[in-house]
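The same subunit A turns up in both complexes below, where it pairs with subunit B and then with subunit C.
Let's turn to the complex of A and B:
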């Protein structure tokens, strides 16, 4: 990379990746501390971004501080590359960085995600950036930050277990299906952001770097590679992920997270993969292969 | 990946002692590349992470030490420099390029730069953060003589799949026993980034080291 490529981005009115260098340094320092204390929420000076809060401003600031001209960026929203939030964030980074964008999980060096982890296992060196609306897992139990900060400081997580146990008492099972709390590195209770609990096991011992940004709440946290991520449960009510009776109507997958799609007003429905890249890749592979009778995936 | 390995790229000191050396050739992209290296070093502790951004460092900094200072420090980060690192040339360079405030009290500083590791202060003399804010702790940048010649230590913890064998040279004899004490403070504790030539090795507080 030569020094003459400073202004490759298409909108020269802004610094590369929109943020000014001092903001990037501040966020970068927070990111390193976040990796050093897995699951701990590091406060940072969140900036106003040209998107409303709730549209991924935290994730965007993290991505903007990490991204370089050689990166390949993938943005997903609920697993899909082609939904509003993903499209607008991808376009934002194309405007302010001019980096290569991709829909392929395997080709991407940075993946910014809203509420899913890609189905294809991530690799070392890849960076997964989560958009987080509410970083505090204890917020619904204890709204005062002065208190939750103490609860984290002394690993006082009994109240969260009681909440889960109340579910067991009322419904006979833990009813939480997304944003399922997990203990990171055996110490800090962490909100994994509103990913389905189906994705929680993927965070454990993942080779990639997982960074979380909450813009409105101004918190950054991280799960380093190869780190223990234990979803809270009880001996007699172990943690379980969602399962489906059928398979994806488009690619036939039985191992991916499926979305229910209503197809008309007469009650017809189908289940399809929420991860569009995973689904499209499988469909393309199936189309390329000669048809065999009774093919099972 | 933006971090590539490259041959040593320390440029000879050409200017006279009085003139100020330049910072990054390209402040935006060089800082990004060096940050990415420090992110990888912190995420994958024990690995030697080289980067390909060269600059003429002020004495006695190596290229990696100088690059890390430019990447992470500014007017918001009170810094402590050891006796050797606090050379007139280095202090003037840091003040000019980073706007860096410097303190004599290692307990107050957010960053410390150690170039003479053998006479550095004990680890308890640096701030380990607060119980409720463990992130407000020291990040210690230690410039070492080698990443290969030292006694072999075995590292385990987050970021390391099984174990990592690391041979950092030029550390004081008490360093690893002090590190064990630092680990007992968790989630408080100091974090270390070792520098040598044009490469980094991260040692966050979570890592257990067996000698």
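Let's turn to the complex of A and C:
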């Protein structure tokens, strides 16, 4: 991450990273405010982007505001680098910045994501940018924005627990599996975007900077490095992450988030890592190692 | 004399003391120069014709509407008497959520219609820190029983309840945190007579048992006769008569009150 340069990108005629410097500065000011009040939604003057809302315009504006020529960018969607959304966002930044792109979580300095946090633990200096479709965790329980603002201001989060209560009453457990609300730094209730609850614990005390951008709603929020992230729960129904019986059919991992994929038209199915970089890296390592009898992964 | 009667005679400091309260809407008078006090455990009825300012007064008292003038002093549990108009908004909201209750005429305003009955009752305990699902549910069911709602309905949404059940659920949802003061605006309005009677019976029992102070607004003199210890009569925004309920109803002084009482008795 470095301050944007005022150079006009030679091939396209766009400013570096598409947004003009004024806009980037404005967004960076919002980001700084967001970082200083962890979990608080900062309104920002979002710009029209050459992509439709719902395609990550909030995340793109955040990335565009923090990216510099020396950055290495990774873009994932559902954990994969090769889905349409990820590919088009990566292309967009290649076109307007010429930065190096990578699929490697370890090599990336900025990772823009939709739906997942990479399995490989992030490090200090890395920035994780989330695309957020709906930033307001209280929206389902309170549609009036004037009221949700007060609820955040006065930390009135009792009504949010009603949604958890309803889950346990109807399903015997907290049924929410993604976009699972969490209290940040012991204060603000935050929607972590539609990541699986499996990823919530990764947000906690993470050494990386986590930035969230909602394009349609024009909100930015953040979790600074090493910040507490407490998923809402009950004492007698504690927060739990998803688990799987088997392991990844491709790399044998038992610690990663698995997607179920259908492998033929007879309905055969298998479970594989949703994080493709994690899975590919493990498969490559396993292939490079001489096979030893009895070795598992 | 019973201990209860002695207790009633011993003056307690007021729980709520209102003086000089005014509220108008542009040129339209809402309520005007209203002063009164209510003691812990006391039930105060407010009657008056449509448009006399009853709902306006109640909304000002319960912090939902800012009066133009006057003071509202409330004896807070930990701080003693405080003019609630000087409280910060979060303090006032907290007070309203914990030490007060509001039962609305329209259950839509007082319930979450898409949340189960149990969840409706559990909201206040959760708002003040309850974190144990089993306890929250047990308490909710305890209250469902108190308001005579079948426990089989615990997980049903109030949208599927009758009007009387919805009002009883509103009452449970409010009383679960043991408020010391409850505001009710026409809690029996829109219910048919037999349902009204049952609701009133229930209310009377709970109020006596828990020693809650209630300010109840109604058109219906039968309601105040049954519930209210004291009565305030309003006309065109002003309080024109107040006193012990039986005294006011049996020996009304103001011509308007006389009219009100006689028109009822004629029925």
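Just so it is clear, the second predicted complex is superposed on the first by the 286 of 297 C-alpha atoms of A that agree within 3 Å, B and C clash if a C-alpha of one lies under 4 Å from a C-alpha of the other, contacts with A are read in each partner's own complex, and residues count from 1 in each chain.
Following the convention adopted for this analysis, a contact is a pair of C-beta atoms (placed from the backbone, for glycine too) under 8 Å apart; a residue touches a chain by one contact, two chains touch by 3 or more.
Nothing here was measured: the structure is a model prediction, and the numbers come from that model.
Colleague: Put the two structures on top of each other at subunit A: do subunit B and subunit C fit, or clash?
Modeller: By the criteria stated at the top, subunit C and subunit B fit after superposition, with no clash.
Colleague: Tell me which of subunit B and subunit C touches more residues of subunit A.
Modeller: B
Colleague: Considering only touches as defined above, state whether A:285 meets subunit B (first), subunit C (second), both or neither.
Modeller: It touches nothing on subunit B or subunit C.
Colleague: Scan A:144 for contacts with subunit B and subunit C and give back first, second, both or neither.
Modeller: After superposition on chain A, A:144 lies in contact with neither partner.
Colleague: Once the shared chain is lined up, is A:153 touching subunit B (first), subunit C (second), both, or neither of them?
Modeller: both
Colleague: Check the residue A:161 against both partner chains and state whether it touches subunit B (first), subunit C (second), both, or neither.
Modeller: Touch status of A:161: second partner only.
Colleague: For A:236, is the partner it touches subunit B (first), subunit C (second), both, or none of the two (neither)?
Modeller: second
Colleague: One more residue to check, A:269. First (subunit B), second (subunit C), both or neither?
Modeller: The answer is neither, since A:269 touches no partner chain.
Colleague: What is the minimum C-alpha distance, in Å, between subunit B and subunit C after the two complexes are superposed on chain A?
Modeller: 10
Colleague: Identify the residues of subunit A that lie in both the subunit B contact region and the subunit C contact region.
Modeller: Residues 150, 153-154 of subunit A touch both subunit B and subunit C.
Colleague: Which of the residues in subunit A end up touching subunit B in this complex?
Modeller: 1, 3, 5-6, 15-16, 21-22, 24-26, 28-38, 40, 42-43, 65-71, 109, 124-125, 127, 149-150, 152-154, 185, 187-188, 205, 207, 209, 224-228
Colleague: Please output the residues of subunit A touching subunit C within their complex, sorted ascending.
Modeller: 141, 150, 153-154, 156, 158-159, 161-162, 165-166, 168-170, 234-237
Colleague: Quick one: in the complex, what on subunit B touches subunit A?
Modeller: 1-2, 25-29, 31-33, 35-36, 38-40, 42-44, 52, 71-74, 76-77, 131-135, 137, 139, 158-161, 186-187, 191, 204-206
Colleague: Please output the residues of subunit C touching subunit A within their complex, sorted ascending.
Modeller: Result: residues 89-90, 93-94, 97, 112, 115-116, 118-119, 122-124, 126-128, 131-134, 136-137, 154-155 of subunit C touch subunit A.
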